[in-house]
Amino acid sequence: MARGFRQKIQQKNTENSGFGDNASGRFINKDGLPNVNRKGVNIFNRFSWYHTMLDLSTFQFLSYLVIAYILVNLFFAFIYYVIGVEHLTGIDKSDPINEFIDVFFFSSQTFTTVGYGRIAPVGFMASLVATFEAFLGLLTFAIATGLFYGRFSRPRAYLQFSDIAVIAPFKESSALMFRLAPYKNNALTDAEIVVSTAIEVIDESVPKTNFYQLKTQLSKINTLALNWTVVHKIDEESPFYGFSDDDFKNTNIEIIVHVRAFDEVFSNTVVQRSSYISKEIIYGAKFTPMYYPDKENLSTILDLDKINDYQKAEIPVLAEQ
Amino acid sequence: MARGFRQKIQQKNTENSGFGDNASGRFINKDGLPNVNRKGVNIFNRFSWYHTMLDLSTFQFLSYLVIAYILVNLFFAFIYYVIGVEHLTGIDKSDPINEFIDVFFFSSQTFTTVGYGRIAPVGFMASLVATFEAFLGLLTFAIATGLFYGRFSRPRAYLQFSDIAVIAPFKESSALMFRLAPYKNNALTDAEIVVSTAIEVIDESVPKTNFYQLKTQLSKINTLALNWTVVHKIDEESPFYGFSDDDFKNTNIEIIVHVRAFDEVFSNTVVQRSSYISKEIIYGAKFTPMYYPDKENLSTILDLDKINDYQKAEIPVLAEQ
Amino acid sequence: MARGFRQKIQQKNTENSGFGDNASGRFINKDGLPNVNRKGVNIFNRFSWYHTMLDLSTFQFLSYLVIAYILVNLFFAFIYYVIGVEHLTGIDKSDPINEFIDVFFFSSQTFTTVGYGRIAPVGFMASLVATFEAFLGLLTFAIATGLFYGRFSRPRAYLQFSDIAVIAPFKESSALMFRLAPYKNNALTDAEIVVSTAIEVIDESVPKTNFYQLKTQLSKINTLALNWTVVHKIDEESPFYGFSDDDFKNTNIEIIVHVRAFDEVFSNTVVQRSSYISKEIIYGAKFTPMYYPDKENLSTILDLDKINDYQKAEIPVLAEQ
Amino acid sequence: MARGFRQKIQQKNTENSGFGDNASGRFINKDGLPNVNRKGVNIFNRFSWYHTMLDLSTFQFLSYLVIAYILVNLFFAFIYYVIGVEHLTGIDKSDPINEFIDVFFFSSQTFTTVGYGRIAPVGFMASLVATFEAFLGLLTFAIATGLFYGRFSRPRAYLQFSDIAVIAPFKESSALMFRLAPYKNNALTDAEIVVSTAIEVIDESVPKTNFYQLKTQLSKINTLALNWTVVHKIDEESPFYGFSDDDFKNTNIEIIVHVRAFDEVFSNTVVQRSSYISKEIIYGAKFTPMYYPDKENLSTILDLDKINDYQKAEIPVLAEQ
């Protein structure tokens, strides 16, 4: 923490961040989720299984489905086996393993409702269990249908943020800049950005976190088709006014970014957050362009690989006041 | 009702609560639903069966599905039995009960479309009924799919409110406070709160309910990740200005809370309401913190079991004016 | 059209109704849909079949499904019959009608994927057609699933409007009033109303329709649990200022009502419109209450059968100015 | 580019278009999508397959489904064939081609879960593969269900824009006008329009694109049931002030239109964009009406074929200032 730094911030800190000054560590993780753990409520109440299912990766989600399918069939195979293979037609009774294999496949043929009929129930108990297994199977696939739809229809912004923010020269002064770009074939309009910062200050030798809203040159753009370089000018109203390279390095700073836009395919508002901490802020640098006209000058090319490209740039020294 | 109390309220009451002064009992139940019964419209028109299905508990919902499944199969079994078991192949005709059991299972194998074929229709009537039962089965599971999806994709705020509100010391005066916290792994942003109160006053010896909007210190916070302690300062503009402990106890007061936030997983606005009545307001108390840094100071822990924890606190006596 | 009436309206008419002055007949039908017919575009482009499917009554929708099911099976039965019944096992070949009945049921067993197997395809052509029929069947039920969900998850306000509006005495003057109430177990909050009116005036002997926004005493209420009596005070700023009973009767007036609210179960904004024309406005009447406390004074009862109940009321005569 | 033109524009250009001055070609294509190509990200990350599936035409979408169905069955047929036809009952073993045909149909009967049972698996491997094929089949149809629903429930504005914009006489001056009309049986309310323009200017001999917001006479209408003629008056505040016919022809102009409305069936906000470039702007013309009362004067007819109908109209010459 840079000494003498405390006095520099005269702006009123905002109280509506939702984070108190007793919170600890990074506030927002790089993936946009708050860095908070919950405790004390029953674990079943603490998780929304639907939110959890939607947050799984595709691979995890499919794996869970396959594992569940195998376990359900083993369970029912066991029940049919206990009831007795003599209540099923077409079972290969050469040895117990073959019997179990056949009841396992009978179970899967029932659960999926494929029901070839080569193996079929004849007694009351086997028929009853099969009746409920087929019913359970259909309900399971009803739920799976909903989960698949919930997963892929979940509105997401698909924005890529630059990994770093820069302190760049800007209009005889300097500005904090970072950029973001849509990387998928979605169409975002009416994009709005809210940028705030958490700065740890030493107040009577006790570390305390203050929150400030950061003004940006533009806070709303109509069509988010190209990249958006967000510019926060460091002037007298900025909490970073007078910060040197060392101040940025030695202070616990977190820039919290919240983007909200309207996705025209989902016809829904989408939201994405990110954050930059001190070591992700580069002093004395500016971004290089990441879009250019195509060869025939008929459309514009956005090169997403260049989102982190920057070059050194001299920050004008602020005259002491 | 505290006498002499009437004169204390000079604030303009609001008329846009949606409740008239002839309404009776608690306005908003603790679960957030209005305490109103409807009458006079045909019962089928008075209920939205979809809203009803979504409000059932999971256990109730699944029970209804199972019961409906059994009833449908009994119904079709009865029809097949009337048509005659000779129109189905593979029926065990040893006695009427076995016959009925077999047509019941044939019905379930048709309804679920598992169709093993060990029992199969051969005559015109049995085939016709089976044709429609299979069709009905598929439509039923189509509806069930929609209901499952509707149930688990239904946006909900998953907020826990403190059971009690407190009158706590606040900036040389006092404030009404209650708190709320998200208890699931959902991510809420842009949370807004609207707090209003219904106070029963005696107007020329007729009890009458007035409604007032209550100003809060913060009415909007960016990220609802930790708990939010909502603070209504009791100053000259508050309808509770000058209320003593007895006034709170003896007056019919209801604090109505309405929270609106944006859930990032559902990408949808979610809403939750709650209310506090006189006996749920504790005079001279303040909440104790419910979040703290974790051991390594890397993240914050929110302990939901502490949401109702408070300690006694002296309310400064207001100098008479 | 009342003569001498033209001069009375001095308010600026609004142009943002969306209806031009060359439109004709009632603007908004009683069910809330605009009274406009489209022409000129290809009929397939003029209808959104999804909107059409959602607007059907439940009975119509189910009837269409059943009819489509029968037609599809007749179509495929015809194809299998042309291919030849010898390519299907288990067909009753006693006479052509029985053959057709059996291929019809084979088709339905394939389309629903019940597939008992008593009748099964053996040749290439029959197998191929069955392969595509089963595929088509599943896609059809996939679409039906979506339609069912679309139908019952469609957010609707479920508001009942009074059939009539009244001109009632109000604060030494008069007011136009009508009322509305939610009639289902949905929970509406943040209800907003916009009321406008279309008045036919004679401008240099050409009839012309002017549109005016009507101010209401309340335009927003927090919780729409009881009925809402919407009040437009007829003062100097009202286009109806100075209107007599005869003026209301003899002028082509249409009151257009647009309600927007947030449904907490759907977590969605819902909208409902209605309109009142001259003969649905009763001069000199006021509504009688439609809600009252229950017997134990513990909750409020809303009697929807009373929504149109009114009693005669004298309108104070306006002193000439 | 008209010389001497540069000086005419004195309005402040807006920076929030989202398009930079290094972008090239038309900004918004006629179908409303931005004219931007992305580069640099892995192709799988660059596309949202769900957005892609929703953007396919119905014919393409169904074709892909059918092709995928055939490919999957060929794949599984191959596996069953490799495992050996002796592990399936009921196979026609007269020659290898018939064997393959039968395993292909067995595969399709498994994938669709129709499962006649005439062909059924008996060995471990064939049963295992069939178990997973049936499972895969159900998941595939679960996904297809979601895609169908996603496709037809996707909120769309269904607005038709006039192909051309006109510069028409308007209140002693002139105005840029274009019009739009809903062409389907959807009900749009609270329609808002935002019109902006991109004009290429020569700034110190370097072409540069400036963006301007265009004020419209009405920017919001309540009910979008008839056509909406959008009017931008060309006065001192317009960037087109003083533009001659030649200026419009010789300058690279693009009018970007963004409409947002509320669809009452979807209960969702819908958005549609379009754009007009220089050669789509007709100088000295006005639109002719496209709606009229029906024969009985009971409703209004909107003739969508007339949306592009215009007639010549003299633009008043602007006195030099």
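Here are some notes:
We just call them A, B, C and D in the order they show up, numbering each chain from 1.
Keep this in mind: a contact is a pair of C-beta atoms (placed from the backbone, for glycine too) under 8 Å apart; a residue touches a chain by one contact, two chains touch by 3 or more.
Because the structure is a prediction, the values reported are computed rather than measured.
At the interface between chain B and chain C, under half of the residue numbers involved are used by both copies, so each side presents largely different positions.
Here the C-alpha atoms of chain A line up with those of chain C after a rotation of 180°, rounded in steps of 5. Counted by residue number, the contact pairs of A-D are over half the same as those of C-D, the matching pair from B-D, A-C or C-D. Should one ask which of B-D and A-B has more C-beta pairs in contact, the pair is A-B. With centres defined as mean CA coordinates, chain D is found 39 Å away from chain B. Between the CA-based centres of chain A and chain B the separation comes to 27 Å, rounded to the whole angstrom. Counting partners per residue, chain A has 109, 113-117, 145, 149, 268 as the residues that reach two or more other chains. For chain C in complex with chain A, the residues that touch the partner chain are 113, 115-117, 145. The touching residues of chain B, when paired with chain A in their complex, are 65-66, 69, 73, 92, 101, 105, 108-109, 112-118, 141, 144-145, 148-149, 152-153, 158, 160, 183-187, 189, 191, 217-218, 220-226, 228, 262, 264-265, 267-268, 289, 291-294, 297-306.
On chain B, the positions that touch chain C within their shared complex are 15-20, 22-28, 33-41, 45-52, 54-55, 89, 109-110, 113-117, 120-122, 124, 127-128, 130-131, 134-135, 137-139, 142-143, 145-146, 149-150, 154-156, 194, 196, 256, 258, 266, 268-271, 273.
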